[in-house]
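Once you've had a glance at the structure underneath, I'll fire off some questions.
Naming follows writing order (A, B, C, D, E and F), and every chain is counted from residue 1.
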Amino acid sequence: MTNKTQTLYKSYIIEEYFATKKPYYVSISDEIELFEAAYKQKLPVLFKGPTGCGKTRFIEYMAYKIGQEMKKSKKNNNSQINIPLVTIACHEDLTASDLVGRYLLEGDSTVWLDGPLTRAVKAGGICYLDEVVEARKDTTVIIHPLTDHRRILPVEKKGELLEAADGFLLVLSYNPGYQSALKDLKHSTRQRFIAIEFDYPSVEKETEIIAHESGLDDGTSNKLAILGEKIRNLKEHGLPEGASTRLLIYAAKMISQGIKPVRACQVAVNWAVTDDSLLHQGIQEVITSIFPE
Amino acid sequence: MTNKTQTLYKSYIIEEYFATKKPYYVSISDEIELFEAAYKQKLPVLFKGPTGCGKTRFIEYMAYKIGQEMKKSKKNNNSQINIPLVTIACHEDLTASDLVGRYLLEGDSTVWLDGPLTRAVKAGGICYLDEVVEARKDTTVIIHPLTDHRRILPVEKKGELLEAADGFLLVLSYNPGYQSALKDLKHSTRQRFIAIEFDYPSVEKETEIIAHESGLDDGTSNKLAILGEKIRNLKEHGLPEGASTRLLIYAAKMISQGIKPVRACQVAVNWAVTDDSLLHQGIQEVITSIFPE
Amino acid sequence: MTNKTQTLYKSYIIEEYFATKKPYYVSISDEIELFEAAYKQKLPVLFKGPTGCGKTRFIEYMAYKIGQEMKKSKKNNNSQINIPLVTIACHEDLTASDLVGRYLLEGDSTVWLDGPLTRAVKAGGICYLDEVVEARKDTTVIIHPLTDHRRILPVEKKGELLEAADGFLLVLSYNPGYQSALKDLKHSTRQRFIAIEFDYPSVEKETEIIAHESGLDDGTSNKLAILGEKIRNLKEHGLPEGASTRLLIYAAKMISQGIKPVRACQVAVNWAVTDDSLLHQGIQEVITSIFPE
Amino acid sequence: MTNKTQTLYKSYIIEEYFATKKPYYVSISDEIELFEAAYKQKLPVLFKGPTGCGKTRFIEYMAYKIGQEMKKSKKNNNSQINIPLVTIACHEDLTASDLVGRYLLEGDSTVWLDGPLTRAVKAGGICYLDEVVEARKDTTVIIHPLTDHRRILPVEKKGELLEAADGFLLVLSYNPGYQSALKDLKHSTRQRFIAIEFDYPSVEKETEIIAHESGLDDGTSNKLAILGEKIRNLKEHGLPEGASTRLLIYAAKMISQGIKPVRACQVAVNWAVTDDSLLHQGIQEVITSIFPE
Amino acid sequence: MTNKTQTLYKSYIIEEYFATKKPYYVSISDEIELFEAAYKQKLPVLFKGPTGCGKTRFIEYMAYKIGQEMKKSKKNNNSQINIPLVTIACHEDLTASDLVGRYLLEGDSTVWLDGPLTRAVKAGGICYLDEVVEARKDTTVIIHPLTDHRRILPVEKKGELLEAADGFLLVLSYNPGYQSALKDLKHSTRQRFIAIEFDYPSVEKETEIIAHESGLDDGTSNKLAILGEKIRNLKEHGLPEGASTRLLIYAAKMISQGIKPVRACQVAVNWAVTDDSLLHQGIQEVITSIFPE
Amino acid sequence: MTNKTQTLYKSYIIEEYFATKKPYYVSISDEIELFEAAYKQKLPVLFKGPTGCGKTRFIEYMAYKIGQEMKKSKKNNNSQINIPLVTIACHEDLTASDLVGRYLLEGDSTVWLDGPLTRAVKAGGICYLDEVVEARKDTTVIIHPLTDHRRILPVEKKGELLEAADGFLLVLSYNPGYQSALKDLKHSTRQRFIAIEFDYPSVEKETEIIAHESGLDDGTSNKLAILGEKIRNLKEHGLPEGASTRLLIYAAKMISQGIKPVRACQVAVNWAVTDDSLLHQGIQEVITSIFPE
């Protein structure tokens, strides 16, 4: 059985994983121009915004777009030229070694293994630290010398300094909505980045996104977008975070499988968003007002 | 003696452990259709519900059922086609390495050992993270890229990304009833799943389950189901969690061994459910009202 | 000197340590029947009760008794058939690896060493986790799949699942008297066990036990049993836990060495039970009322 | 220089370090008889009492005395028969492995190294755990099976159980005076020991001890003993712990070096006992009233 | 692809990384004279001041300047003579071993690797510990013997003491503005350093810096400097830290890419400085008053 | 470059680092006689006093002085006879292993490396534990058996006991001024030491010290000593700790480099002592009153 399973999945080297076709992204404001200006000036960027509003998709789109423009500007068609995008989901136990690298014992000698940040620094890629405030403090400090004029990464376990390759850029994301005081970004870190704020798309744009991603008709997609907007307005009634575009797409996909809209919205949106039974009731009323049975 | 004991137990490779016959499961609502729709759309699923109401049994049943349907749709009788079900009981010390894998020293070289999540990703199985809020934060973050359109698992210690095999699906369970604020599921995690809520079965269904599992007669099984329902109503009187179906089956099994019903219910239900002597008294009164001596 | 000391002690393989003669145990209620019913139905058991009331002695007795009955039922005299009893004293630093096993470097290769729980699972023995609430959470979670219908132990570091041998049973003990809220047994754990509550023996039975264990005469043993009962009644006056049967036996043994009863009770009971000088005075008055000088 | 320094110190195997002459000990009460009775009955012993009142000296004395009596009773003069005394100063980071033993890499294979508790269990010695409440909980639990009728030490990393050699006895010390609630001895531990309470010696006995240990004349030694008694009475005025006999001996030794008594008592007693300047003043007044200049 | 990426970045030995041209630095006060006096007297120096006010740039400038003067005074043109500057970004997980060094397994033997502090001590360089209060306490204590007359670094894992090379100097930075009481510099540490306080430059000097660093015209640079001053005055209105010179340069660079000044200041200054929507409004009003559209 | 840097610094074995000339020390009271008496009687010593008042210098002076006297008393001129002084700066992460020693892997076998305390015990030197309350509890307990009549160091990882060489003495320092209740010295530790309290020198002595150490004239040195005294009196106005003699010497050295006295005192004393702007103002007024411009 081992032989068979080996063909079921694909494996990539981290810095060699590229989008092979243009990622679908609907721009909300001038975020594309801002990012391009920052990239040209090598200014590190901080994305702020709620869960599931498209930050990850945006950085994928920009990595692809800048890579394409570099190809054009070089007037050749070498399809190998790409901007590697190295994404790191931060968490409480992420250490500096996880980012920079470590020694591993292999056979009878130790071998150094570059961490994902070092890979991005060497390959001249974009390094995207998702939810950076979750990381341990050593992680946020290790990136400081990469964000000033020196663009240097100290690899202390090897006694080395690395000067980042030309295309390298550091991008952080964080969600100011649910940060506790304990987990705030330190000023000595945040004042090293320009900041782009993201929000949910308008109903029109969200309709377009839902229909595109789920293959559902425009009418039902529009109802789901309106549902999203109404639930986000419930935030003042105790809902900690509104329904993301992702959840609306989930509901659309369930509907496209034959689940009734009211039930699809209940499991994909209402129950996914909260455990509170009073809020459940309120949201379900909103759902049935949009999808009367 | 070592020789003899080696024949007393059985050992399996994690991703090769399948149910060999159809697991017994009595459906409560439309959860089977919902799960099948989600599985076809590759939408990650979150199970919510109290202890011992059948979530684990349900996922075993679905893994078996989907596997059977895949066999039929392929119009052959290759009995090898199954959906591996990899179950991971989460706890406070479960690390990302426990899930993804680690290097082990073997002989004079190091060997990589895939963790259970990696095994499920490669084998295209269902990975069931039981009581996920108990896990450390790095564990909940490592699953994020597996739940978006990329379906990718970063194996950072090997510098690799794995694209999940086709049949892979991530399923989480959690019990919103006794979560503290500290151990809540983060929105950036929960908004990646559709949610199915579970509750205890009705008295009729529970009677059927108890009788089937214990071999006890329907009449006594029905009395135990009624007992279960009454104890769950005591929740407002300070009982933190109602008696699970599992405990009612335990009582039935003790009765089938000749223990008197009142005593069987005392040890299998009353003492198992709480240490509080006032509650003990109240529950025992309910028991004797149902099983008068 | 090394040669000589090697003969002073005995060493056993954990799962091959059996009681060679019937352990002395005086039954309090129907606990023997309850345990036998649970063992036949493979229902995990939870012992609740105060310090030193005989829980450990009971499990030793049952392991011996069930082993003897299995011999008889098999109608042969193979004295090798026994139920191994693997006892694990839980503590705050007990990890899942301590229970399940770990890799050890031996010579130039690593060797897997089964932990005590794995030994019991393989040998089909009773695994007794003493004071389970003291253990870390990963320890209590690792036992979950062993307590449902699958009776499985995941040995994740080897990528294996073990199906428990036929005679295997999991037994936990805990003392609800002095658990803090922080160290309570989770419902998802406790609702996997039937529960047997233990209490101190009656004065008559305790007299019998003290006399048997210490060799002291019945009259003095009876006075000590009365002392025990009176001190346990002081619990409402601030004594956190009453004097165990064990301490009364200690006092009896000191008396049998020629120490005066009043002094023997002071050092073996009064000073052992508390550091509070007011309680010391009160208890000493009880002692002198029973043993007037 | 390395050669020379190698001759400056002595090195012993832990369980082969014996007192070569009778330790000096002045008995306070019937503690010698109590300990001998407990040793004969193999009852574990707990010493309670303040800092520096002679608990450590007492256990050394008893180990020597019991060893001498065993020689006599065996009617030969084999001077090798001794009771090893293994003393372990407990602290917050003392783990079960520190007591029981661990594997060490030596050359190209791993070698097991017995910890001090295992050494005492094997050699049949007295194991003295000083200030046991300081130890981590796993340490206090590991000793439980050594204190009941089985007298067993589980060496889990080797999969072994050791039955203690005949002369083995476990002795704990602790100081109830400054234990916080957090660091109390658990009842499941303390109810496994008889308890002997110690206090400072009387002025007469302390005079004798000071004179013997320092070589100072009886008159000045008596003044120091009186000083000790008076300072201990200051405990109600905020002094957390009285001056130990050890500090009075220090003062005597400083005086014997020609330091004036008032100054010697200031540095060896007053400043050693507290940092509080008000208490300094009060104690210094006591000193000058006893040693007027 | 590996071959190509190897040419994209540069790698240096830590203590051999020197500024190759004079770092741009505009002096604020007499900090250059103070530092030169301290360096000649081998007095360790502490920099105090807010985020992004130029402390890092200043120490780079001084390392370059002192190196140049040493070359002149030696009357030769050996361009190799430089003062190595070893910068260490401190964080909560920085241990003494990270600074001093550790053993690494290489092939079949262990090799000692000097940490960055040891490298500076040996090479006679300036060791700059940035944000020292973030470091663990062992880190701050390890530097004590380097700051007194002995100028010694204990390398305890090698059993060695290192006497620092002649040019060695220790420099710390810290930001008293946002230190909590828990993370204060201990007096036993701080009283080993002379302290130089830094503040933001005047509007005139900041204009000069912004224009030089961004290439923007003087008029717009001056407006940005005025903006910086005004935002710093908002500190009394709840802004935890003012905008750094670095952020003003970022805004200038965004403007030079064609982004409108108001928008450039919003993303590079306003959103970068705070997440508070009220403060966002206030700052945006300041921005539009300076850059009316 | 590596070749050249190897000649810039000096390296010593820890226990072979001796002062080669008499350390400069001005005695404050009878501390020299007290220490000599304690050393002859082998009584462990505790130094109490504020930061920078000369405790470290004093212990260096005594090690040199006692070494010199031992040479004389032996009536030969073997210049090799010295008292090694092993200084250990204690910190929160200092473990018992750091003091006693550990196994290191070297080539294909493990080698034991003595820690600094073991080195002092073997070489018969003075072991000086600076700021001992900062150390972890295991560190303070490991020294107990070295301070009683046995003078023994248990090296548990080797299963050995070391009896200290003749000249060995344990000396601790701590600063009672800023100890929190959590970090107090336990009575079971402190009652093992005689205590010598240190304070700042008188103005006359401090003038002498400043002039000697900095080479500055007596008049200005005297002004600095007066400044020190006045700042120490500010302690009642909220200054947590007075200016140390070391800082006054720093100011003197800055003045000798041509920095104006007022500015030198500002950076070397005022800013070094506190971050509080009100205290800055008050201290600066004291400075200008002594050094009017």
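We take it that contacts are C-beta pairs under 8 Å (C-beta built on N, C-alpha and C of every residue); 3 or more make two chains touch, one makes a residue touch a chain.
Not measured: the values here are computed from a predicted model.
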item	value
Interchain contact steps from chain B to chain D (minimum; 1 if touching)	2
Rotation angle superposing chain A onto its copy chain B by C-alpha atoms, nearest 5 degrees	60
For chain C paired with chain E, centre-to-centre distance based on mean C-alpha positions, whole Å	61
Distance between the centres, which are taken as Cα means, of chain C and chain A, whole angstrom	53
Junction residues of chain D - those touching two or more other chains	105, 108
Chain contact topology (line, ring, star, complete or other)	ring
Ring of chains, enumerated from chain C in the sense that reaches chain D first	C, D, F, E, A, B
Sites on chain B touched by chain C in the complex	1, 5-6, 8-14, 17, 51-52, 56, 87-94, 98, 104-108, 113-116, 119, 130-131, 134, 175, 178, 240-241, 243-244, 246-247, 250, 253-254, 256-259, 263, 267-268, 271-273, 275
Chain F-touching residues of chain E, taken from the complex the two chains share	15-16, 30, 33-34, 36-38, 40-41, 43, 46, 48, 80, 95-96, 103, 105, 108-110, 121-124, 136-138, 140-142, 144-145, 148, 152, 154, 156-157, 159-167, 176, 179, 186-188, 190-197
